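Lettered A, B, C and D in written order, each chain numbered from 1.
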Amino acid sequence: MKVGIVGGTGYTGAELLRILVSHPEVEVSVITSRGEAGKPVADLFPNLRGYLDICFSEPTLEVLSQCELIFFATPNGVAMTQVPELLAAGCKVIDLAADFRLQDPDVWKHWYGIAHACPELLEEAVYGLCEVNREQIKHARLVGNPGCYPTAVQLGFLPLLEQGLVDEQRLIADTKSGVSGAGRNAKTDLLLCEASENFKAYAVAGHRHWPEIKQGLSAKVNKAVDLTFVPHLTPMIRGIHATLYAPLKINEAVNLQDIYQQYYKNEFFVDVLPEGSHPETRSVRASNHCRIAVHRPHNGELVVILSVIDNLVKGAAGQAVQNMNIMCGFDERAGLTNAPLLP
Amino acid sequence: MKVGIVGGTGYTGAELLRILVSHPEVEVSVITSRGEAGKPVADLFPNLRGYLDICFSEPTLEVLSQCELIFFATPNGVAMTQVPELLAAGCKVIDLAADFRLQDPDVWKHWYGIAHACPELLEEAVYGLCEVNREQIKHARLVGNPGCYPTAVQLGFLPLLEQGLVDEQRLIADTKSGVSGAGRNAKTDLLLCEASENFKAYAVAGHRHWPEIKQGLSAKVNKAVDLTFVPHLTPMIRGIHATLYAPLKINEAVNLQDIYQQYYKNEFFVDVLPEGSHPETRSVRASNHCRIAVHRPHNGELVVILSVIDNLVKGAAGQAVQNMNIMCGFDERAGLTNAPLLP
Amino acid sequence: MKVGIVGGTGYTGAELLRILVSHPEVEVSVITSRGEAGKPVADLFPNLRGYLDICFSEPTLEVLSQCELIFFATPNGVAMTQVPELLAAGCKVIDLAADFRLQDPDVWKHWYGIAHACPELLEEAVYGLCEVNREQIKHARLVGNPGCYPTAVQLGFLPLLEQGLVDEQRLIADTKSGVSGAGRNAKTDLLLCEASENFKAYAVAGHRHWPEIKQGLSAKVNKAVDLTFVPHLTPMIRGIHATLYAPLKINEAVNLQDIYQQYYKNEFFVDVLPEGSHPETRSVRASNHCRIAVHRPHNGELVVILSVIDNLVKGAAGQAVQNMNIMCGFDERAGLTNAPLLP
Amino acid sequence: MKVGIVGGTGYTGAELLRILVSHPEVEVSVITSRGEAGKPVADLFPNLRGYLDICFSEPTLEVLSQCELIFFATPNGVAMTQVPELLAAGCKVIDLAADFRLQDPDVWKHWYGIAHACPELLEEAVYGLCEVNREQIKHARLVGNPGCYPTAVQLGFLPLLEQGLVDEQRLIADTKSGVSGAGRNAKTDLLLCEASENFKAYAVAGHRHWPEIKQGLSAKVNKAVDLTFVPHLTPMIRGIHATLYAPLKINEAVNLQDIYQQYYKNEFFVDVLPEGSHPETRSVRASNHCRIAVHRPHNGELVVILSVIDNLVKGAAGQAVQNMNIMCGFDERAGLTNAPLLP
């Protein structure tokens, strides 16, 4: 099957390529970049020398429409201008940016600063958190691939919320991300000399992943969920660690470990660790796994959930491939079966 | 003034030396280490070549008692066996370990696993959080230097707690530390190949700094304070970032920024950042400062405080020197006036 | 095919496991560790949860001899005590340590400090630098897998040496390694706080890889080769960068680029970069590739070759698997076809 | 004494500020930046909050000429356009960029791409390698502060060259720098995600510090010196490690250790380590020291010298302050006496 990638010069594009060159069912037949058109992909990403011989090309409908499925790895606001014509041409689309994550165009405009270019598609678009929306994804033409923080946070909170055990109005997500989450942008604060040997919070006043998480959790449990969301920049390349706090509504004993294990017992990519564990981000590096541990310190009212993913894989390109596998009827694990890289 | 250091082969000992060799009022006349006795200090810490000519020596009372003040930079449980005779010999003592931080010997035994060797001194010992206990420190013979996390957490929570604005039973401290906080111990999980490019929580079930923080906050506000404390290991050498969550008890508007600025307006080492700021750990690297920012996201019920220190300075050796300065009537800033190191 | 690993708790053992769990032709049926016997492998290496269900076991002949091929990922000096009986039992053996790299038992004793336990096997043992000794490896029972530095250095120098273009008595190899090259040992100088934000040379007076490189190059060109070898520790987990200096013996023009491209034109794992390139270690991370660039600065007498590998893959476990593939008649690339991980 | 800094938004400017705010003899009265004029310096460099209250200003002659001494921390090619009028106004000038390092304007043009704006000053300008040109610096109006690599390389080679012991035509400098050497520029290849966990050589075909090193060494020994210079980018913030190779011209025994110790016996900032040592870059972090070790592996013909500095201190701002101290008759160590930061 031929697939295309629009906007292949960032880290999510590079990661898509890394995964797809080993995927048993697909061939990357086109990868576009206005800025790098004509340049061999392997010149920009030397790890791909010997794995991919194509050059970046201009993103034209003619070329793209020959693919069965198109990944958008573009900045926010780009996909929404091109998706309608690609759908019309019969392509399936997975957007790794935020254009098709939020269902309400007003919320989109508020957080992304411009009006949505195709609000009529928002209802059709499926939110691609695979473990939650697998059935809709199977029949989707258009998938909005979740953000990295929202993936780790939602997978961590869902078992508790669905049981109705916690106060869904007082959730806290204290999240930490490696620097690749900020993309391959030449910004001063992402320089090694600024971001290494340093730790800081950012966007405490408001982050775009906050409405996405609230929407996702609320939809799944049919209740308005509220949370405080504080992201932090961590001096490493890959990895997200979400530390989640949820106040129990009940006072009695409850087997949290069992609830989590049951909830994810059939999910290959979600691993509930044994009681008392502390998942490490490196235990999922370069893989599509999410590892979760659940704690109740001092047997108090507050549940603490630890959830880790690789932000570029389960938090971006890996989940996009998982979505593709589901949409196209492939083995859901195809291309995603390599063990994480440690050390 | 002659000072001595017992147990000078760890990071807090090395940091004490680095600070004290430039201190205008003191001379390090003895530094002990059973394992390295006879070896020049600069062989172990090559940064000190040209700054310190002495060798490690055996920790004997005869040698130590010639110093006016002794710093213990030993593992937990060592200082308490030697402090009584040093006090009797007329020395002042600052313990950088935990032996004199907790006032209740039963709590000490519970968390540190052995009975306290001199419980009769616990009442006299002053908890050396300088900004809180400055007056008692002035007249103290024996100071228990605070833990690194407790310093960052208490300085962050105190202004809010003292105003009675928040529910003191539902505090959360999500803290992140550089690896030097774990000491200079040859443990597998502290290896570069294990700890770099990795992020994890640890000791979620219970950490020794938890009772210390509760004791300190409770004592200051005369109420039992409870909190959830989750520490994390961050892939960098120095720095602590505490992200603190406190639910407001009131619903009306309150000028949090003003409260924090007023509270610390006379404190050289505590810097309240402008509204909307996110302090970075590197902004205090190699210095005795604590920088704090206070947020109220979406104007909701939860206050979020960000507090950063260098764990080896304000979180250990620097605060110990600050304590010495107060105890000995020196300028409180002596030896601690160099600007932080950035980048 | 069943394979076993002796000594699976270090980084080369972990890396063997990571590669072998995805290998299409083999099954890891036993992995031994005296210290961890009975413990699930995934408890020590959490990245393998879901990929490998076996426990560490005691290294007994009975268990091991049921495998067709045994990898030794043990410290130097262990394999030589067990290999004779395994060969006698019909197993093939690949030793990732140094026991079967040097052909002269006196040289071995000089550099490794103990007498060789089975000098009679040294002649039979094949030095497993695949690109050099492929034919002998095909028929080998016993392979000494090359050291990490020797792999990068020899692949870099060989094209020049074989052409007789450079003075083989005045070679210099200035090499830089990530910290994983020192193994998973709890040593102070490998701690994150000691090895990160730091760069140093070590073993300038003499390193065990020096005689190995000299032996390998001399054997290949049938001349005594001499070199100066200076290794350095670099603050990163994986990667070796060898910067090689070779003085030209001739004065005329010579097409170095062409010589290198011709030499490696049929080698999948050795990639000669375009003229003027500077290979990055991350371009081969987690892969079995070696990337090489050749320079002649200011058109002078000195050739500068840059050669990079991942020390744990082409420098250890990957080359061991490549050797197994050759010995067992598998596709030489089997299990080694994933693209390098970047970023 | 009032000093000014032109171009204070890069790392050398920031480092100058960090050092000068603690300098006992000077006050930074002006710091200019066209881009940031009007902004408090501490907004850009939060480490300086509480240490420096001034704002960036426009670089006008009127303001600058009120300073006795001006540091240029601007990109190459800026200082040469402003220095003549500042000298005319009676200011002393130290340029931390390359404008006054090379004596031959043609060489300057070749390597920096533009004609020199004030070639008439090149003869007067003193090359500010303090240990070499101390006497001229004392009487200089204009100092060209050396590059970072040239400082580490020249201090390492000089004792050998001055003794005439080595072939001055076949020197090699294999140098490794932390990323701050590339400045505070928002370039993709300096991002944490590109530069960490990575090692690479660069500019092997030719680097601007090559003619500077050749000029400096040749001038000191009155002979044309030639060398091969290969710089590498190392995944850390600060530090340069130069590994230097020099072939002995003589065959007899020579006490290299003694030669180095004698040569630098009166130099506070140059430390010759004991025989067999390997200096670490962190042993000089945040300090103005250069630490050197000299080796003769296997007692062969090649001498290996290891030389480390902090590129931002002895390699830039620290040496500039040392130059100022010499020019102005201050204690040469003033402002530069803090012990290096370790860990």
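Just so it is clear, contacts are C-beta pairs under 8 Å (C-beta built on N, C-alpha and C of every residue); 3 or more make two chains touch, one makes a residue touch a chain.
Because the structure is a prediction, the values reported are computed rather than measured.
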Item to complete: Please identify which chain has its centre, taken as the mean of its CA atoms, farthest from the centre of subunit D.
Response: A
Fill in: Self-contact between copies subunit C and subunit D, residue sets same or different by half
same
Worksheet item: With chain centres defined as C-alpha means, what is the inter-centre distance between subunit B and subunit D in Å?
Response: 36
Worksheet item: Centre to centre, by mean C-alpha position, how many angstrom separate subunit C and subunit D?
Response: 39
Worksheet entry | Intercentroid distance (Cα basis), subunit D paired with subunit A, Å | 45
Practice prompt. For subunit D, write out the residues touching at least two other chains, lowest number first.
Written response: 11, 180, 184, 193-194, 196-197, 235-238, 279-280, 282, 285, 343
Fill in: In the complex with subunit A, residue positions of subunit D that touch it
11, 179-180, 184, 186-188, 190-197, 235-237
Worksheet entry | Interfacial residue positions of subunit D with respect to subunit C in the complex | 170, 172, 174, 176, 178, 193-194, 196-202, 204-206, 226, 228-230, 232, 234-239, 241, 243, 245, 247, 276, 278-282, 285, 295, 297-298, 300, 302, 304, 306, 308, 343
Worksheet item: Which subunit B residues qualify as touching subunit D in the complex?
Response: 11, 14, 17-18, 21-22, 45-51, 180, 184, 197, 237-238, 268, 271, 273, 279-280, 282-287, 289, 291, 312, 337-343
